[in-house]
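First chain A sits with chain B, and in the next complex the same chain sits with chain C.
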Partner chain A sequence: MILTVLSSLVVIFSQYFYLGKQWNLMEYLNNWFQISYAVALALGFVNLTVIHWKNIQRKREGWVFSIILLLTMYGYLIVGLAEWSFEGPIFGWIYENIMAALSAAIFSMVAFFITSAAYRAFRVRTKEATILLVCAVLVMLGRAPIGDAIWKSWLGGWSGFVNQWMMGTLNMAAMRAITLGAYVGGFATALRIMLGLERAHIGGTGTQ
Partner chain B sequence: MMWLIAQGEAKAVWGIFAEGALVDFFIVLALAVLVWVMIARARTGRKIPTIKKVAGLEAVDEAIGRATEMGRPVTFIPGIQSIDNPQTLAALGIIAHVSRQCARYDTRFLALTCDPLPYAVIEEITRQAYLEEGRPDAFNPDDVRFLSAEQFAFCGACIGIFERERPAANIMVGSFYAESLILAETGSFQGMIQIGGTANTHQLPFFVAACDYALIGEEIYAASAYLSKEPVMYGTVVGQDILKIAIWLLILVGCIWATIDPSTTWLKSLLKN
Partner chain C sequence: MERLMKIDRRIIYLIAAALVILTLFVPLGLPVKISDMTRGAYSAIENLPDGSLVFIAPMYDPGARGELDPMFVAMLHQCAKRGYKMLIGNTSWTLGVQMLHPIVTDILGDYGYTYGEDYIELGSKPGGSIWMQQATNDLVTACITDYNNQPLAQFPIISQVPKLAAEYVDAILVLDCGTPGAREWLTYVSTPTGIPLVVGVIQMSVPEHTPFLDSGQYKGLIGGSRGAAEYELLVGKPGKAVKSQDTMSVIALMVTLFIILGNIGYLTSRKK
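Then we have the complex of A and B:
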């Protein structure tokens, strides 16, 4: 708890006070954070190894995948250590041609999930859902070339207005309100942690 | 202190404050005073304003109850950012409550993390929760999992766990990005009761569409105070609400002033300090 309070005071000093900025205190704090991160990463590595080793030992469902995971993880670690560079030929090739492709494959699933989520969200069941549907259709039409063609024949030079007004005025106002509230909430959370009212970050289960 | 001397090129305001930090500092100070006043009122038993009911937070215990009845696990995903992100810190407060409830009702609790720092902290929180509920033997360290530091590898691992473990409830609170919809939709297809919360406005629509309950922006920060049901903690939320009202008023004054006199710059210059 003492460490939390001291660290908070150092952050406040480094952010708001002239000497804190002049001494670049945040840089030192960031370095400490990176070191802690590296230590914690080792913990994560151990956790993955233990869980998947147990899976293999007890032949749990999908234990073959645990073998693949461990082989891949340790194999990639060995390649990285052997080449001693993020841009080594084998290390880089694996990242570019396997990791990036697999990530892109999972990311591409978002397109399908957007369709199913939109279907549920836009079903006309309530007054609010109806308003949502109408607004969504107007914005989608405003963003697609076919919409522009339709609006132009009806509204001429005003064709982009509905879409722009909805996104720039209605949507932006709501987004900024949420963001502002979140910043103030973040402030309050930081203060609760600093005052020791909230202790979850040091492994406690609760509040004061 | 020799190693700290004159490394940056900061400018001073009033001789002590960093340039551009003066107004920020006084806002932080105002919030600290407000929170302190509210805490003092709560401690002396005086009345503090009440805070509205948050459906998403009321549903947390309901979700755990449902999982308990079905004999299936509860999963918790604290976003994909590290512990230096305030949303992750807010999630830790909720994890403390959820893990205690799960320990109390003998429901399996699975925490899935994408970052090693929250992983280490969550393991400690969960261990402590089981200990406080008098069931240290029921705590299984393998149920707090670090899956991957890569966003989509983590996402794929979560989907796999949803398929294999078939949780009855899924709580996702923290900083989410493109993986939010994939996780929420997979959970929805599996019929889980889902509570999603984030302050990332670009992901909020996905949680609203795919989850049963959504915690919007600041609600995640109020969660630990709300769930604790302690007047002192409520006081801190009331303090932040008062500051928020003051900021709205400032915005309103700014809008009116800028409408009446568009050439005015004094408010902008003042806030730049």
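Then we have the complex of A and C:
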């Protein structure tokens, strides 16, 4: 906890005090962070290995996936080190044909889930749910050219107004409130950590 | 009627897949109306002074390339047409730079751009917001090498940009799909240095970014696949985003119809 308090004081000193700026403390802190970042990455690598090695040894549920994970992780690392370039034939091939393709596929599957989820979730159960439903449909259609065509035939020159008003007025006001609330909450949490009132990050019981 | 409430999700998936495939072969060709928001972003880039230098930060990986690649491609075309010099790189989106390298090489090669003089690829650097702060102090120290692991200091373009500051960089163009992204660029680079920020985001992030456009902190915002299509049309290079608009239309219509059907079923069952 003392370390947490001291660290936060150093950061505050480096950012908000004249001497901190003069001594360029922030640059030192940034360099330390970058080094810690690299160490944390290595630590994560070791940690992942230990956890999944234990899974395999004890044949816990899904241990086969642990084998796949370790083989993939070390295999790709070795290929990367051996070829020492993004453009290496094997490294590049794995990236282009497996990693990029899988990553894009996972993201694109969301469209199907959303289609099904929208059908199931949007019901006119209450007044609030009905308002949500109507807004969702209007904005969704408004973001596709078909929406423009529909609104144009109904509303003429006002066709862009529905979507723009919802996004530019209703949504913006709500998002501002949420964002400001989140930042105030973040500031309060940071202050609590600095004052030692919040100890969950050091394995404490959480709040006091 | 109650059956309308319980349509098997596999049927919905199948219809969605069929419609996506169908629109690839039978394009509807609906016109794409250009919004003020996208036009603003286009103008913000277009109206930079001749000979400007821009920093393009494609902060995304293959998952978001469907929406952001078309923006990136159109952005490169617009900047190259205007003759801007370009620094291209991101921080923390390691998986992104590799897929973008061929795009950059092809497009800028067509415009006769010389690597190291007219543009440079910085690759992906670790550190997120910390890297951004370092780059505002000293770009070479923050990056050390370029995408090809060559020392950065040897390239002539870098001598014009010792650090990310308004006197050297005329605009930062960020393509955002998460954290770190445009917000970090705004907090750690654009606000302290005064470099104008133009942002492109995936569709689901549009609501959280519009307040920054309204407040003037973003000089332009391009939203999702629709925004990308509008931007492609403005740049005069219609591509993948314009083609995808038919798919967007039929899927939006399909979801709407299913919502209506589900609610007919729900209201009927409630009456009973």
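In this section, the second predicted complex is superposed on the first by the 176 of 208 C-alpha atoms of A that agree within 3 Å, B and C clash if a C-alpha of one lies under 4 Å from a C-alpha of the other, contacts with A are read in each partner's own complex, and residues count from 1 in each chain.
In this section, a residue touches a chain if its C-beta (ideal position, glycine included) is under 8 Å from a C-beta of that chain, and two chains touch if they have at least 3 such contacts.
Everything quoted here is computed from the prediction, not taken from an experiment.
Following the overlay on chain A, a side-by-side fit with no clash is recorded for the pair chain B and chain C. Of the two partner chains placed around the shared chain by superposition, chain B is the only one that A:Gly181 touches, whereas chain C remains out of contact. With both structures placed on the common chain, the touch criterion links A:Leu3 to neither chain B nor chain C.
In the superposition on chain A, contact of A:Leu197 is made with chain B only, not with chain C. The partner of chain A that touches more of its residues, comparing chain B with chain C, is B.
Contacts of A:Leu81 after superposition: neither chain B nor chain C is touched. Contacts of A:Tyr16 after superposition on the shared chain: chain B is touched, whereas chain C is not. The superposed model places chain B and chain C at 140 degrees from each other around the C-alpha centre of chain A, with the value given to the nearest 10. Once the two complexes are overlaid on the shared chain, A:Asn47 sits against chain B while remaining clear of chain C. After overlaying the two complexes on the shared chain, residue contacts for A:Phe33 are found with chain B and with chain C alike. Put simply, chain B and chain C get as close as 5 Å, counting only Cα atoms, in the superposed view. Touching of chain A by both chain B and chain C, each in its own complex, is seen for residues 27, 33, 37, 41, 99, 103, 106-107, 114, 116, 118, 120, 175, 179.
Against chain C, the residues of chain A that register as touching in their complex are 26-27, 30-31, 33-34, 37-38, 41, 85-87, 92, 95-96, 99-101, 103-104, 106-108, 111-112, 114-116, 118-120, 122-125, 133, 137, 140-141, 143-149, 159-160, 164, 167-168, 171-172, 175-176, 179. Listing the residues of chain A that touch chain B in their complex gives 12, 15-25, 27, 33, 36-37, 40-44, 47-48, 50-51, 54, 61-62, 99, 102-103, 106-107, 109-110, 113-114, 116-118, 120-121, 175, 178-182, 184-193, 195, 197-198, 200-208. Touching chain A in their complex are the following residues of chain B: 4-13, 15-18, 21-22, 24-25, 27-28, 31-32, 35, 39, 82-84, 86-87, 89-90, 92-93, 95-97, 99-100, 113, 116-117, 119-121, 124-125, 127-129, 132, 141-142, 144-147, 149-153, 155-156, 160, 164, 178, 181-182, 184-185, 188, 199, 201, 204, 206, 208-210, 216-222, 224-225, 228, 230, 232-233, 236-237, 239-240, 243-244, 247. For chain C in complex with chain A, the residues that touch the partner chain are 7, 9, 12-13, 16-17, 30-33, 35-36, 61-66, 95, 97-99, 101, 126-127, 130-131, 133-134, 137, 147-149, 203, 206-208, 210-211, 214, 224, 226, 245-246, 248-256, 258-259, 261-263, 266-267.
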